[in-house]
C-alpha cells in the first residue's frame, strides 16, 4: 500500500505529476501530509500518556494547575493552528493557485475545445477542421488553453498528472491550462457524476513532439479518404441508423450526435476509453453496445454478424 | 471598574455584552456576503452590464468589518476585566462567561476578516480559479 | 441518589404518579407527548433506517470489491449510493441525535419535566416517520432518487431524469425539513425557557450547548434546502426555469442553495457528537471539562462559521478566485473551534483519571477519527489541492471519517452510556469492548485506504473501474473492512438487545455521571423529577449538597408542582424561576397531522393536486382542533 | 462548586409569588400574569424562531432573484416590461399600516381588555383581506402579461410574490382564529400569548413585504 503510494504508480496518480502545476500541488500535498501526521501523532502520544497515567491526576511534570492546562489548550487549540493555517492560506491560496488558475490566453500557444457529452469527450481544435473524440493530442512542453464545455449535464475534466480538474457546467465557458513536461499518454476521467456511465467516461491526453503533433492535426483536419473497396459496408453505414448520429467528413454522414468517425482507426480506444480499438472490439461494440456500456446512448441495432463485419471492414478504412 | 449585580442586569450592560459576543461574527458575515456578491456580480455577468471596483470595495468592506470586530473585542475585554474573579452564580458568572466567549469569538472573526482583506487585493480580478 | 424516600416524600411521589399516569398500550404510544417515549420512537425508527442505509453501503462495497463487478447494474448502483446518502443523513443521523438523544436527554439534563411544546414534539416524529416511508416508497417501487444526495441539476432535471425518482427526493426533503425545523424550534425554546432554576447560561451542560447550536443551524439552514427543492419541483412539474440555462436560469444556483444548507448540515451531523463526547468524558475521567467556556463557544462558533464555507464544495466549477478566497479563509479558520475542543477533550482525559469503559473507548475512537477527518478537511481548504482531489475517493474518505468515524462513534458510545438510564439494566462490558474494537478496525480498514485511492486518481460515484488502474487491492481491502464494520455494529445491537432482558439492574447512577439525568430513577418516571432540582454548576450531580437539599425539599413537599402536568419556566439568561406551566398530557392530533401531510405529499407526487389540497385543508382542521385545548405557555 | 442551602432563585426585585399561568383564566388574572413574568412566554419564542426561519426563506428567494439578475444579459429579459411601481408600493404601505392595530391589540390584551383586543385584530384583519384581494388581482393581471414558465425572471418573480401572498393568507387565517377566540371566549393566558404570537408574525410579514416589493420593483427603481 505504502509502496503504491510512494512509487506513485497508477495511470491517474497525482503523485506521478508531469507538469509544473501538478508538481506544485503534489509538493503542497506532501507538506500538508507531513504537518498533519505530526499533529495526529502528537494527539496519539498524549492519549497514550493518558493511558499510562490513568491512575494519577494532572499533567506530567506540570501538575494539576488548572490555568496552566487551559493555557495549553489555548496554545494547541488556537495559537499554533492560527499560525499554521495562515501560512497554508498564503502558500496555497495566494501562491500555488497562480499556477492552477485559468491561463492568460496571451500566454498559450494552442487552444483546444473539449466538450463533455454523456458519456464521451468531443475534442476540436479551433481554426482547423479537426474533430476527434476521447483523445486529446497536444505538443509537449507547450502551454495549451483548454476550453471546457458541456453539451448536456455537468461533467468534470480531470487529467490528474497534467492539471487539476475543472467542471464543465452548462452556460459556463471554463478554461484550464494543460501542459506536459514529457511526451507520453496520460489518462483522464470524468470526475463529476454525470449519469449511468459516469464510470466509463475516460480520455487520454497524448503529448508528442511538436512535429508529430502538427502532422497528426493536419491528418485529423482532412476529410475521410474515399475507398471503393468497402462500398457495401459504406452503404450499410449510410442506410442504417449509423449516419443519423455519426459524422464521417467527406461522406453523406453529417450528424453530430455521436463521436466523429472520420479518422476512427487513428484512435487508441473506443467508447470513452472503455475498450481498445481493435477490429474485434469494434465488431463487438457495434454488435451490442449495451452489453459493453449499459445505458450508453448508442442503441443496439440488432445487426447480423455479416452486417457487422461489413461495417467494420468499412470503418477500418477510416485512418 | 467593577460591575455590581444591578449594573449587570441593566439593559445597557446586556446590550453591550451581546454586542461583545456577536459583533465580530456579524461583521464577518457582512464582509463575507458583500465580497461574494461583488465577485459574482462582476465576474459572472455574461454581457458587460457594469464595471464594479471589486478590489477597492473588498478592502473597504474588510476595513469596516475590522473596525466593528475590534470594537466588539474591546467591549468583551472591558467586561472581562470588570468581572474577573467572580463566582459562577448569575448574573456575574454568566456575564463573565459571555465575556470570555466574546474574546475568542471576536478573535476568530477578526482573523477571517484580515485574511479576506489581505487576500483579495493580492488576487487578480476575475481570474477563474 | 436523589429519590431517597422518606414516608412524607413517599406521599408526594405517589401524588405525582397519579397525576402523570401514562396511557397504556399502542394507543398510549400513538398519542403520547412524553419526550422520553417520543425519543424511544425516534430511536427505533432511525435505527431501522440505519440498517437500511447500511445494507445499501454493503451492496455498494460488494459491487466495488473487484474491477468490472456485476452485483449491481449501473442504474441500481446510482440508486444505492443516492439512498445511502439520503438515509444516513436525513433518516439516521439527524433523527438519531436530535430526535432520540436530544429528545430523551435534554429535558432531563436541564431538570425539566417535558419539552417546551410536547405536542409539536410528537408531530415532528410522525412527520419524520412519514417522510422516511415516503422516500422509501420510491426505492420499493423502483423509482428511488438516482442522482446523488447532492442531486445536481441538470442531471436531476426532467430532461435527463424523466421518471419521478427525483420527485421522491424533492418532495421528500421538503417534507422531512418540516419535521426537523419543528424539532429544532422545540429544542431551542426548551433550552432557553425550561432550564431548572439556577442553571444560568454558564451553568448549562455542554451537551445542551451542542444541541442549541445544532437547532439554530437547522432553523437557518433548512429553508435554503426547502426553497431549492421547491424550485426544482417547479422546474420539473410546471416547466419553470430556475436552473435552466437556456432560459436565463443557472445550474450553479442549485449548487449554491444546496450547499448553503449542505455545509451547515455537516456540522448539524457532527455537533451532537461533540455534545455526547463532552458528557461522556467528564464521567469516565472523573473530572470537569478543561476550559468549559472555550468548549461551549467552540460548539456555537462551529455552527455559525459553518454557514460561510459552502463554496468550498464548488471550488472546481470555475468561479473567480476573488470570490472563492473568502470561503477558503473561512474554511481554514473554522478549524480552530474544532481544534480547541479536540485539545480540551485530550487535556481532560490527560489530567483526569480515566476508566476505559466501553463508552469512553468509543469517544477515544471518535477523537482519533475526528482528527483524521479534520486534518484531511484542512488540506481541501487549500484551493489548488481541493481542485485536484475534489470528487475523488479522497473526499469520500474525508467525510466518512467525519460523519461516520466522528459523528456515529459517539452515538454508539452514547447508546452504551445511557442504556442503563433508559432501560434500568447494564450492558455487557466485555462484549461492549469487543464490539468497539471490531467497529474501530472496520472503520479504519474501510475508509482509510480511500485517501490513497483518491490520491491515485479514483473518482467518486463510479459503479465500476478497470483492472489496470492499480485500484483493485485497496478496493478489496475496503470491502473486507466494511463487513468487519457491519459485524461490529450487529454485535452492539445484540449486546444491548440481550442486556435489555438479561442485564443486571443498573440503579440510578451506575457511572457516577455528572449531569442531572443520573439523579432520577432508571428508567425515569413520566414526570422525570419528583421536584425541580436545584442547580449551581454545569456538573449538577457532583454538587452533593444540592442533591441533599433536593431530598430535604422533597420530604417537605416544597416546589412539588403536582396540580397537573406542571413544569417551571425560567428566564433565558439567568434561569430564574419565572412562571409555572401546564403541559398537555397526551393528544391524538399529532399523528393525524403527520398522516395528512404524508397523504398530501404522495398526492403531489402523483399530480393529484386537488386531493393534495384536500389533505392540506384536513391538516389545517386537525391543527385547529389541536389548539382547541388550551395549555399555558 | 455548590451553594448549600440555597433555595431556587426567585425573580429578582419582585414578590416571591410565581404565577401559575394555567390558572389565569379571567382578564384580571391574565393581566396579572402578564405583569408578573419577566421572560417572554414559550409561545412567543416559538413564533420568533418560526418567523426567523420564514425570513431566511424569503432571504433565499431574494438572494435567488439577484443571483439570477447578476447572471442575466438583460433584466428583465427582452419582451417583458419592467414592473409598474405605484400600485404595489401603495398596497404595501396599506399592509404595513396594519402593524399599528396589531400592536394596539397586544397592548389591550396585556391590559386585560378582551373586547378591545379582538376589535383591533378585526380592524387589521379587514385591511389585510382588502390587501390580499387587491394583490391577487394584480397577480392575475401580471399573469396575462407574461407567464412563469417563460423565463427565469418570470419564474422567480411569480414565485416570490406567491410565497409572500401565501404568508399573508396564513396571517389572515391566524388573525381570524385569534379574533374569534378572544372575541367570543374572552381572555386567557394562552390567548394572550396567541395574540402576541400573531402580532409578531405580522410584524415580520410586514417587514418582509417591504423587502419583497423593493426586490420586485428593483428593475424600475
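Going by the order they are written in, the chains are A, B, C and D; count residues from 1 in each one.
By our rule, contacts are C-beta pairs under 8 Å (C-beta built on N, C-alpha and C of every residue); 3 or more make two chains touch, one makes a residue touch a chain.
Nothing here was measured: the structure is a model prediction, and the numbers come from that model.
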Problem - Chain pair, A-C or B-D, that carries the greater number of C-beta contacts - result: A-C
Practice task
Report, in whole Å, the distance between the mean C-alpha point of chain A and the mean C-alpha point of chain C.
Solution key: 37
Problem - Averaged-CA centre spacing for the pair chain D and chain B, given as whole angstrom - result: 30
Fill in the blank from the handout: For the pair chain A and chain D, the C-alpha centroid-to-centroid distance in angstrom is 52
Handout entry: Approximate Å spacing (C-alpha centroids) for the pair chain C, chain D
Key = 31
Completion exercise
Shared-interface residues of chain A (touching two or more other chains) are 78, 82, 86, 89, 93, 97, 100-102, 174-175
Handout entry: chain C, residues touching no fewer than two other chains
Key = 198, 250, 294, 318, 321, 325, 328-329, 332-333, 336, 340, 383, 387, 536-537, 574-576
Fill in the blank from the handout: chain B touches at least 2 other chains through residues 40, 44, 88-90, 104, 111, 115, 119, 123-124, 127-129
Practice task
Pull out all the chain pairs that touch, please.
Solution key: A-B, A-C, B-C, B-D, C-D
Handout entry: chain D partner contacts - residues on chain B that touch it in the complex
Key = 9, 37, 40-41, 44-47, 49, 87-90
Practice task
Could you pull out which chain C residues touch chain B in their complex?
Solution key: 198, 200-203, 293-294, 296-298, 300-301, 304-305, 307-308, 311, 315, 318-330, 332-333, 336-337, 340, 383, 387, 536-537, 573-576
Problem - Complex interface listing, chain B residues touching chain A - result: 104, 107, 111, 115, 119, 122-124, 127-129
Handout entry: Contacting residues of chain C [partner chain A, same complex]
Key = 73-75, 78, 147-148, 152, 154-155, 160, 245, 250-252, 287, 290-291, 294, 316-318, 321, 325, 328-329, 332-333, 335-336, 339-344, 346-347, 349-356, 364, 367-368, 371-372, 375-376, 378-379, 381-385, 387-392, 449, 452, 455-465, 468-471, 473-474, 477
Fill in the blank from the handout: So, in the complex, the side of chain A touching chain C is made of residues 1, 4-5, 9-15, 22, 24-25, 28-29, 32-33, 36, 39-40, 43-44, 46-47, 49-51, 53-59, 64, 66, 69-70, 72-74, 76-78, 81-82, 85-86, 88-89, 91-93, 96-97, 99-102, 148, 152-154, 156, 158, 160, 164-167, 169-172, 174-175, 189-200, 294-295
